[in-house]
Structures are given as structure tokens and as C-alpha cells.
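Here subunit A shows up in two complexes: once beside subunit B, once beside subunit C.
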Partner chain A sequence: MLANAPEGGFTGYIQHHMKFWNLPHVGEGGFWSWSVHMDSILVSLVLGVLFSAWFWMKARKATPGVPGKGQAFVELVLEFVDGQVKDVFHGDRRVLGPLALTIFVWVFLMNFMDLLPVDLLPWIAEHTGASHFRAVPTADLNVTFAMSITVLVLVVFYSFKAKGAGGYMKELFTAPFGPWLAPFNILLNIVELLSKPVSLSMRLFGNMYAGEMVFMLIAGLFSAGSWLLYGFGILGYTAWGIFHILIISIQAFIFMVLTVVYISMAHDHH
Partner chain B sequence: MEHIANLLGQIEGLTGIGIGLIIGLGALGACIGIGVMGSKFLESAARQPELKPMLQGSMFLLAGLIDAAFLIGVALAMLLAFANPMVTSALDHMHALGAAK
Partner chain C sequence: MEFNATLIGEMIAFAILIWFSVQFIWPHINNAIEERQKKIADGLAAAEKARAELKDADARVADEIKKARVQASEIIDKAQQQANQILDKARADAVTEINRQKAMAEEEIASMAERARVELREQVGSLAVKGAEKIVQREIDAGTHKALLDQLAAEI
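What follows is the complex of A and B.
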């Protein structure tokens, strides 16, 4: 099971799994001393293309008659997401609906990488040349913050669009306490605005990171060297895996719903 | 050498206590929260069974929200348990002091 366990036993195994696949010549120091997590980019892009191609194909071949199983599933997901958006947001759904669908399915697929065996993708990657590989893109703070900052940009954009520059500025400076306390108002509004992406991304990241970590801890039982612990490992992996199906769906759902709520709040006038 | 071992042991012991506090207090809060919400959900579902599907959706949403803070704590605790940054920085300081001598 521990195909790529380095020296250093269990802690070394965990630490080996915590390392990202960095590009070799980026991050050497100097100005370019940041790292590019190739594994997160690769997995999230592949899943995004897969999702888009799948839904696009089903939409292109959709029939008004009796739908096939694939089309019925896609319709189910679409109607579920559209219903959630309809409940929260009363307006033109032509942008927000597809956005919510993309967030829901994409985040779900990225979270779903957690349910693959923890050593599978790293093992494949090791045999094709990458020394470290982390399979779950949403367990990477960069990915979750990229998504939530995009949501923040959309919130600001729709605030400007719905209220106009003057209206939005007026709201930022006068919103909770009236015009006489403008400095406090702007401070409060900025904190409120910035807390949205932080809480969105930290919530998703924390859940996925902890889930991945628990899977690794259980996987450690497989190499503990006794049949009893091996059995506990199988039991634990199954139990946590089943529970984790709930967690990954709920986290994808929460990310989607909160995005819709934030953007529809941006449309509201105070 | 013994001083170094003492120091590292101290850091690791305190980290262990910290991990226990993070997970224990986080679990306490999250469980109380989920319990209060679940009992209210059951009460309202018993009072108005026709609202159950709608309430169920928002209950799962809130369960995810309540759990999130606890799981972020668990993630931090795991980080402290397996890749403790404080031990690493203490070792770095010791190497720097050793090089200075």
C-alpha cells in the first residue's frame, strides 16, 4: 500500500504526501521565488474540461422525448441548482444560474478526488516522473482562494452594476449607521466584504485538508504490520469514505449557495 | 545535547496539549451547535411535517457551516501533529547558533 513511503516511517509518509508537485526551475529564489503547484492546476483543469465537455455533449444531444439516463442525470443536476438559485435570487438568472452550476459541479468533482485511494494518483505520478503529487485541488489554499476571490470580484462588479458607482459609494459610506459615522461605516463594510472570500475559501480548504489528512492517517494502518490493524484500516477507510461523501457534497453545495446569496445581496438596495 | 532534547521535548509536549485543546474544544462547540439545531429541526418537523423537505435542505447547509470551523481546527491540529513548524524553526535557530560558535 505504501508504494512511495520514504525513509522516516509514518510521519515521513504523511510529510511526503503533504508536498506539492512544484515546477523544477520556478521558486529557485530571487524575484521568481514563488511556487507553481502543477498538480492542483493539472487536476482542476482536467476536471473542468471533463465537466464542461460532458454537460455540453448532453445539452447538444438533448431530446424533448424520453431522455436517456445521462440526459436525465444532467437535467436533475441542472434543475436542482436552478431551483436553489431561484429560491434566493429574484431576477435575471442567465449569468448566475450557469455560474452556480459551474461552481457546484466543479467543486464537487475536485472534492471527489478525495475519495480515490490516497496513494493512487501519487503512485501514478511517481511512475511518470513527478516526485510529489497532491490529488485534491481543493485541499490547496491557492485554488480555494482563487475561486473565492473571483466571487468577491463578481460581488463588487454586480454592486456597481445594480446600484451605479454613486449609489454603491453612498451605500459603502452610509450603510449601517448613517452619514455622520462615515469612517466607521466604510471600515465595517470593507471588513464585511473581505470576510466573505476568506470564510468561503477557508471553509472549503479546511474541510478538504482535514478529510485528506484523516484518509492518510487511516492509510497508515495498512503498513502497521498486523492483520488486526489492517482490518481496522479497511473498516475505517470505508466508514470515513462514506461519511466523506456527505461532506464533499455539502461543501460544494455551501460554496454554491453562499456565492448565490452574496451576489444576490449585491443586488439589494439598503 | 540534553538541553536541546529538553527544549524539543518541551515544544512537542506543549504542542500535544494544544492539539488536544483545539480538537476537544472545537468538537465540544460543534457538537452542541449541531445538537441544538437537530433538536429544533425535529421539533419543527413534528409540528409541521409538510415543511420537512425545505427544512432538511437548510439544516444540511447549516450543519456544513457549523462543522466548518471545527474541521479547520482539525486541519490545523493535524498540521501541528505531523509537520510542526515550531520544531522546524527551533532546529533552524539551533543550527544558526551552532554555526555562530
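What follows is the complex of A and C.
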């Protein structure tokens, strides 16, 4: 239906899909604007609440006796995450564990929006008044950077906590080349520190953005006007969808593991 | 690249989610899991203990059975001995009884033979008298010749 939109054909379809539901709408902004991507916020919040409510419900009724299937599943996820954290980090996991769990499940759920038919949420949004709608929050740099910057803040926080303000400052200026090369050290350390959130968020964003794009390109075949291409579209959509299940899981997993690795590195002394 | 207030909103949302997870989700589920792990560990230990106890009990039972067997064989031995004793005594009794009976029978036989001898003697006497009567064709006075006849009968 959107593919048949009169303005611009296939290119227009893609361009339409690439636009956020931006409020209050300001023109082509520069690097920063005070508007909000309503779609990203809406979807990510709904999924965040879904995750919290679901796990909270199970957590409230969690019994050490024979678990129900729902509790068993939640425990399975939690133990998987806990195992990953335990492998990397040998300390108190009371914060790092839940952090990793939140990242894993939330990112997975947000990535999962990619597996909904590309036109479904935009179509619903269009019929309820939104001009544009992008269903995958993790294909929005704002969302991925929001998470990775939060992780950076946690890394810095734990560095201070583990080494003390003096110890951390000393490390920033003296590692790895010793006190005589302090300027190089601080520069290197800042680059190292900043590379963490950038790589984290760019990796997730890139994968999800590309995945979304491929879905759209395949969806374009549906309106290409030939039954043969329509068939290819169905095959392609199915194949990419199945492959994408792997990608969204792996990306959620990588984000979680790298976060744990970064924070556990923050505890290490050089 | 277009950054906007979404970034800040998402950071806040993320922080709240983490806080919620730390506060309300992780501890409860983790406690349940750890408690269950402890329960399972306890159960396994109890099972191990029970197995050891069972082995102990088995050994005790085997011991008891062995003892019972020994006792039973002792009882059987004793019973056999007793039976033998009874048998021996019975045999001895029987022998005595037989001897007594035999003696009695012998005695009776002897007395009967004596009686028969006496009777026979008497009959022979009378027979001899009758024979003599026939021979002499006259009546011999049994009274006068009794002594003679008795002597004859005794000689026969």
C-alpha cells in the first residue's frame, strides 16, 4: 500500500520508511535538535515496560520449589546472562547481572521489531495520525548511543569506585607509557574510553539499519508488478527473516557481553 | 547523523530499567534459583547419606542372616542328637521288651511242655493199661497195678 504511494515509487517508499516520526517537527536539523523521535521512544518504552512487567511478575511469584514454565523460561534467560557475566567478571554481580539482563532482553526485544512485517507498524501509525514511523528503535542512533553512553558513564563510575579518584586519574595519565609521556597517555586513554560507546552503538545501529533496509528492498519486490518477482519477494523475505533471527540475537548478546567486559575492565588495575 | 532529545529520553529510560532490574527483578529470581540449588544440593546429600545407610543396613541384615543360619544349624544338630538319643533309648527299650516277652514265652512254652508231658504220661499209662488189658484179655485191677503202670509210663 505504501509501496503504491504515488509520490516517488520505490525510492519514495524507502525514503518514506527512513523518516522518523519527529515531534515537534523541525526542518533539516544539524547535529543536534531538541525534537523527539516519537516512534523510537514509544516502541522502546513499550518494550521496556513489557520486559520489566513480565520479569517482575515472574520475580514476584518466583518460588524455589518446582518452577512453572514461565518462571523456568525467565530463570533460563537469567542464568544464561549470569553465566556470561560470571565468565568475564569476578566480583559482586548484584548490579552487573541485572544490567546485563536488561541490555540483553531490551535490545533483543527492540531488535525483534525488525522481524515484524516492515509495513505493519508504519501502516498502523499512518492510520492513527503519525506521518512516519520507524519500528526498530535500535536502528535509531539516538537509542543505541543513549545505551552506550549510559554504559560509558557506568564504566567511568566503576573506574572511580574501584580505583578511587586519585588512582583513576593516575592511571589515566601514566598508563600505558609511564609518567613521562603523560600527554600521550591521557590522549590515548580518552580515545580508548570514547571508542567504547562509539563501537558499541555503531555496531548495533549498523546491523539493525542494514537489516531493516534489506527488508525494505525485498518488500519492494511485492509491488514490482510481476508474479515471479512477488514469489522471489516471499522467498527472500522468509530467508532474510530467518537469518535475521540470528543477527538480532547475536547483536543483543554482543552488546551485553561487551558491556560486561568494559565494566569488568574498569575494575582492573594497570 | 541527527541527534536529538530522544537520546536523553532513552538514557533516562535505560537508567530506570536498569534500576528496576537491580531492585525488583534480579534479586527475587536469583534468590529463588539459589535457594533451589541449595535444596537440590541438600537433596543429593541426603540421598547419598541414605544410600550409605542402606548399605550399612544391608550389611547388618546379611550379618543377621548369617547368625540366624548358624543358630538354625545348631538347632538342627541338637535336634538330630536328641532324635538319636530318643531312637537309641527306644531301641534299647524295644530290646528289653523283646527279651522280656521272649523270656515269658519261653517260660510258658516250658510250662506247657511240662504239662503236655505229664498229660502224655498219664495217657500213655492208660493206653498201656488198655493195651495190656487187650493182651491179657482180662481185667487188670487198675488199682493194684497202678504202681507198675506208672513205672511203665515213666519209662516210655
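Keep this in mind: the second predicted complex is superposed on the first by the 254 of 270 C-alpha atoms of A that agree within 3 Å, B and C clash if a C-alpha of one lies under 4 Å from a C-alpha of the other, contacts with A are read in each partner's own complex, and residues count from 1 in each chain.
The rule we apply is simple: contacts are C-beta pairs under 8 Å (C-beta built on N, C-alpha and C of every residue); 3 or more make two chains touch, one makes a residue touch a chain.
These numbers were taken from a predicted model, which means no experiment stands behind them.
Visitor: Give one word, clash or fit, describing how subunit B and subunit C relate on subunit A after superposing.
Guide: fit
Visitor: After lining up the shared chain so the two structures overlap, which partner does A:Gly48 touch, if you call subunit B first and subunit C second: first, second, both or neither?
Guide: second
Visitor: Taking the superposition as given, does A:Ala210 touch the first partner, subunit B, the second, subunit C, both, or neither?
Guide: first
Visitor: Of the two partner chains, subunit B (first) and subunit C (second), which one does A:Val36 touch, if any: first, second, both, or neither?
Guide: A:Val36: touches subunit C, not subunit B.
Visitor: Counting residues of subunit A in contact, which comes out ahead: subunit B or subunit C?
Guide: Touched residues of subunit A are more numerous for C.
Visitor: Considering only C-alpha centres, what angle arises at subunit A between the directions to subunit B and subunit C, nearest 10 degrees?
Guide: Between the subunit B and subunit C centres, as viewed from subunit A, the angle is 120 degrees.
Visitor: I'd like to know which partner A:Thr238 touches here: subunit B for first, subunit C for second, both or neither.
Guide: neither
Visitor: Please provide the least distance in Å between a C-alpha atom of subunit B and a C-alpha atom of subunit C in the combined superposition.
Guide: Taking the overlay as described at the top, subunit B lies 11 Å from subunit C at its nearest C-alpha.
Visitor: Per the definitions at the top, what is the overlap between the subunit A residues touching subunit B and those touching subunit C?
Guide: Common interface on subunit A, subunit B vs subunit C: nothing in common.
Visitor: What does subunit C use to touch subunit A in their complex?
Guide: For subunit C paired with subunit A, touching residues are 1-11, 13-15, 17-18, 20-22, 24-33, 35-36, 39.
Visitor: Which subunit A residues qualify as touching subunit C in the complex?
Guide: On the subunit A side, the touching residues are 22, 29, 31-37, 40-41, 44-45, 48, 51-52, 55-56, 58-60, 62-65, 67, 71, 74-75, 78-79, 82, 94-95, 97-99, 101-102, 106, 137, 140-143, 145-147, 149-150.
Visitor: Report the residues of subunit B in contact with subunit A in the complex, numbered from low to high.
Guide: 60-61, 63-65, 67-68, 71-75, 78, 82-83
Visitor: Give every residue of subunit A touching subunit B within the complex, in rising order.
Guide: 11, 14-15, 18, 202-203, 205-207, 209-211, 213, 247, 250-251, 253-254, 257
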